[in-house]
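These are the structures, in structure tokens.
In what follows, chain A forms one complex with chain B and a second complex with chain C.
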Partner chain A sequence: MSIVVKNLSFTYGVGTAFAKKALDDINLTINDGDFVGIIGHTGSGKSTFIQHINGLIKPQEGSVEVFDISLTPAKKPKPDLRKLRSSVGMVFQYPEYQLFEETVYKDVAFGPKNLGLSAEEIEERVKEAIGLVGLDYDAIKDRAPFELSGGQKRRVAIAGIIAMRPKVLILDEPSAGLDPYGKEQILNLIVKLKEQCSPTIIVISHDIDEITRFASRIVVFNDSHVAYDVPMTELFEHQAELVEMGLDIPQAVKIAKALEQKGIVFDQPIVSLSDLYKAIVDRYNSIHVDKNAFDEEENH
Partner chain B sequence: MRDISFGQYYPSESVIHRMDPRAKIIFSLLYMIGMFFIVSYTMYLVTFIFLMTVILIAKIPPKIVFRSIKAIVFILIFTAIINLLFYNEGKVLVEWWKIRITDAGINFSVKMIFRLTMLVMGTSLLTYTTTPTALTDAIESLLKPLSYIKVPVHDIAIIMSIALRFIPGLIEETDKIMMAQKARGASIDTGNFIQKVKAMLPVLIPLFVSAFRRADELADALDARCYNATDHRTKMKVLKYSGKDLVGAIVVVALFVGILLDKYLIGGSGLWVGIDRYIADGIRNLVG
Partner chain C sequence: MSIIKLSNVFYTYNKDTEEQVHALQGINLEIEEGSFVALVGHNGSGKSTLAKLLNGLLLPTSGSVNIYDMDTTNPSTIYEIRKNVGMVFQNPDNQMIASIVEDDIAFGPENLGVPREEIIERVDWALSKVGMLEHKKGTPFKMSGGQKQRLAIAGVLAIKPRVLVLDESTAMLDPQGRREVLSVVKQLNQDEKITIINITHYMDEALDADRLIVMNEGKIIDDDTPKNVFSRYAQLEAVKLATPPVTGLAIKLNQAGIPIDTNITTQSELVEKLCQLL
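Now for the complex of A and B:
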């Protein structure tokens, strides 16, 4: 088990007129190799939650355990934040806004340098990270990050996190503000990163169709609580609750539901569009096979 | 960064909140001037009662108003000690090398603390009860006469309100960028001074970039809506004085006149000074 969160609560602006509870008694365990999608409204606490995992916010109540590092409200012992941040990589919303160096190389090297690695090791990691995000290392390494396109900047920023070789990668709204093509590419990149870089990935998104494409587990935040936490395949059973919380249900689920009302019921769970394609094709084939069998019988 | 208390507005439903912001600015100015004329403990007490009454009417928790003093605790202690040590008039109580502590010095220091504390509390009431937008509107209106001598009053007002509007956004942005760089292992609050300044670069550069980007976007948005800073602009909310401003004016002017009377007429004789001397003697006995 890589991340264990117990009874975590957090309030912004304690003791002021603007005090606002962001997390209320959160319990969650994330296992090695999980591909978690977190979904919820703005202000439901999801961003606050992931900031806890990286030690960016100190817990006010409860505890967060990441690998063998434990974060608690207590002042002592001080957690090893450097080690924590090297094992948990965090890609914030609009990560391109954090670029600051003169060249792409230097910017990607910022993280590894902070880890205190040797120059050779840094170079190797930067090369690997830029390659992983699908950019041409030799063509881009000496360019200024500010002259790149939006999508390229975002890739460079993600490369800056990957170069730290985190065991857990957290992405907050990774496709926000991109055009459909850029979105598609970033989503494919995340799937690739899961295979080649970080075994455990947590993605925050407000677009449920995006999450159904890759996540194997879904956590829904609502009103500072974890509303539910289920394997992706069970999402179909929870659509009424999703609607009640004012969240969208996946398109594939909507279509499957409509077909069900017309009397077409699928045996397998349908969550993503690819599930739906497969189910429809299977159904079509099975009908045709039956028909062929009937025809053959007649011929006899 | 989130806890920064610059011009913080405390939302609540009260007569003070609804008063005309121009009136509140004028009252605050009068109050500030008045503070420098107070000489007696009695008058400090009267002003303090006035202050607490306003806080009560404004429905602001006194705790929050007292918190505004926190920022000046250092200045308070510093001025009090300097005054205590180098005030030369009055009866000498303790003498050591060039330092002389006198009864008048103690008196002066205590009054100085009262004055500064109440000054800050009083003026912070203005920002607690008035939104930044209302404040800039009021300043624009109060500076109007200057436009006759070609001072671009409206431009100044719009620049002020935009600047104020940007502050919360920039604070939030700083917060986010700091977190993002910390997540990349940047150590922002450790090391010596030069290291700290260097460590701020990864925060400052993106912050400037984003400030310029925001300014650009805002300028475009203003342009797209044909914004033009001419004199012919009208306001959605026209400021208008009302009865409560008159009541406020009467109370504040009464306080101001009281302070002046206390200093120039009653000062030096009568019962009030008796009370004052009693307190001063009390302090002297306490020390001596």
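Now for the complex of A and C:
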């Protein structure tokens, strides 16, 4: 087990007029090798939750265990945050606001440098990471991060985390603001990273269609609680509740549902657009092939 | 009538230095009063640069930008231009100034020296336009992303602009927040005849517009109805864009030999067609 969260609650601005309970008694276990998608309305507590996992927020109530590191409200013993952050890499929501070095190279190199790697290894990792996120290393390495476009900055920020090769990778809305090609690249990148770099991945996204592309488990946050924690294939069963929470249901599910109302029912479960595509092609071909066979018989 | 006119506009950041970037390269564009335009393009294609030229936040390196026949390089009319062209940006948190909603909305008109009485009227009007009147005495900090973004729009509306430029204003929102903002924007276009320029990476948002402009590397490469632009999907893909998901599915099905039109853009069209085929 990578991460065990028990009875975690958190309130911002305790004791002020702006006090806001962001997490209310969260219990969740993330296993090694999990590919988790987190959805939930803005303000439901998603970002607050994941910031607990890499020690950016100290628990007020309850506990978080990440590998052998324990995070609790207690003052002592102090958790080894450096170790924690080298195993849990976190790409923040709008990470571009955190680019601060004067060149892209230096920004991506920041993490690996902190790990105490050799200069050659740092360069190799920076090159690889920049290539992985789809930027041209030679063209961009000496540019100032703050002069890049929004999407370019995002990629640089992701590269900086990938360069640390963390065991658990958490991405908070990694594709927001990217062009369709960039989105596609980031999604493919996430899948690739799962195989080649970080075996456990957690992605927060508002785009349910995006999540259906890769996640095998989905966690739904609603008003500071975990409303659902189900395998992706069971998402279909919770449509009505998702809509009630103001969330989208996958486009493929909507289409399948509309077809179902017209009497077209597929045998296989449909969650992603590629499931739907396959189901339609299969059905079309089976009707078509049968019909051809029938026509041929008639001709005889 | 064209109220926005760009003639052969070039914009270069850090001109004549080693880091110069040719962000816009020969833009010619006219936008009619009251139209609803969507602007798409890959990251770095120049959309935000173009947006900032529209209210004189940036001035063209060469060529000219005219808003209601006022040139943005003319300092004597720049305030008039800024009053007419309102901008809403991506991050709702960076656009809030005051801790009480009505003060936040009043900020713009106060700066313009609008009389007190009229400010009060404008605040109520702007808040009601975005469906947030009941939150007048509330605090923006506690609101959802969609609510904050609607407040940001109200803040701009209070200046009474004739043109509203939204630069990825829905990118940070959840689906509900996106729907809220888009419906507010559509209504402002229909009821108030405010000209809308919506910069977005959501191709399905572009379907709401009357006109879709496609940028690639600082140039406009397509400008047509959304449906026509999406029918040229190969060209879109070549410039790192895509069709709306429904169109994408229709295209894939068509390529698999299923006789289905590739210019389908809505779910109901698709479902209807599939019913005939399956």
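Basically, the second predicted complex is superposed on the first by the 282 of 300 C-alpha atoms of A that agree within 3 Å, B and C clash if a C-alpha of one lies under 4 Å from a C-alpha of the other, contacts with A are read in each partner's own complex, and residues count from 1 in each chain.
Following the convention adopted for this analysis, a residue touches a chain if its C-beta (ideal position, glycine included) is under 8 Å from a C-beta of that chain, and two chains touch if they have at least 3 such contacts.
Not measured: the values here are computed from a predicted model.
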Fit or clash between chain C and chain B when superposed on chain A
clash
Is A:Arg283 touching the first partner chain B, the second partner chain C, both, or neither of them?
second
With the two structures laid over each other on chain A, which partner does A:Lys262 touch: chain B (first), chain C (second), both, or neither?
second
In the overlaid three-chain picture, which partner chain does A:Tyr181 touch, first (chain B) or second (chain C), both, or neither?
second
Taking the superposition as given, does A:Pro79 touch the first partner, chain B, the second, chain C, both, or neither?
neither
Looking at chain A, which partner touches more of its residues: chain C or chain B?
C
First (chain B), second (chain C), both or neither touched by A:Pro199
neither
Quick check on the superposed pair: does A:Gln251 touch chain B, chain C, both, or neither? Answer first, second, both or neither.
second
For chain A, what residues appear in both contact lists, the one with chain B and the one with chain C?
none
For a test of understanding, state which residues of chain A touch chain B in their complex under the given definition.
12-13, 16-17, 51, 54, 56, 82, 85-86, 89-90, 92-93, 95, 97-100, 110-111, 114-115, 146, 160-161, 164
Footprint of chain A on chain C - complex, ascending:
13-14, 19, 21, 41-45, 48, 90-91, 139, 141-142, 144-146, 168, 171-177, 201, 203, 237, 240-242, 245-246, 248-249, 252-253, 256, 258, 267-268, 270-271, 274-275, 277-278
Enumerate the contact residues on chain A facing chain C in the complex.
18, 20, 40-43, 94, 143-144, 147-152, 173, 176-184, 206, 208-209, 246-248, 251, 254-255, 258-259, 262, 264, 273, 276-277, 280-281, 283-284, 287
Contacting residues of chain B [partner chain A, same complex]
2-3, 10-11, 64, 176-177, 179-187, 201-202, 205-206, 209-210
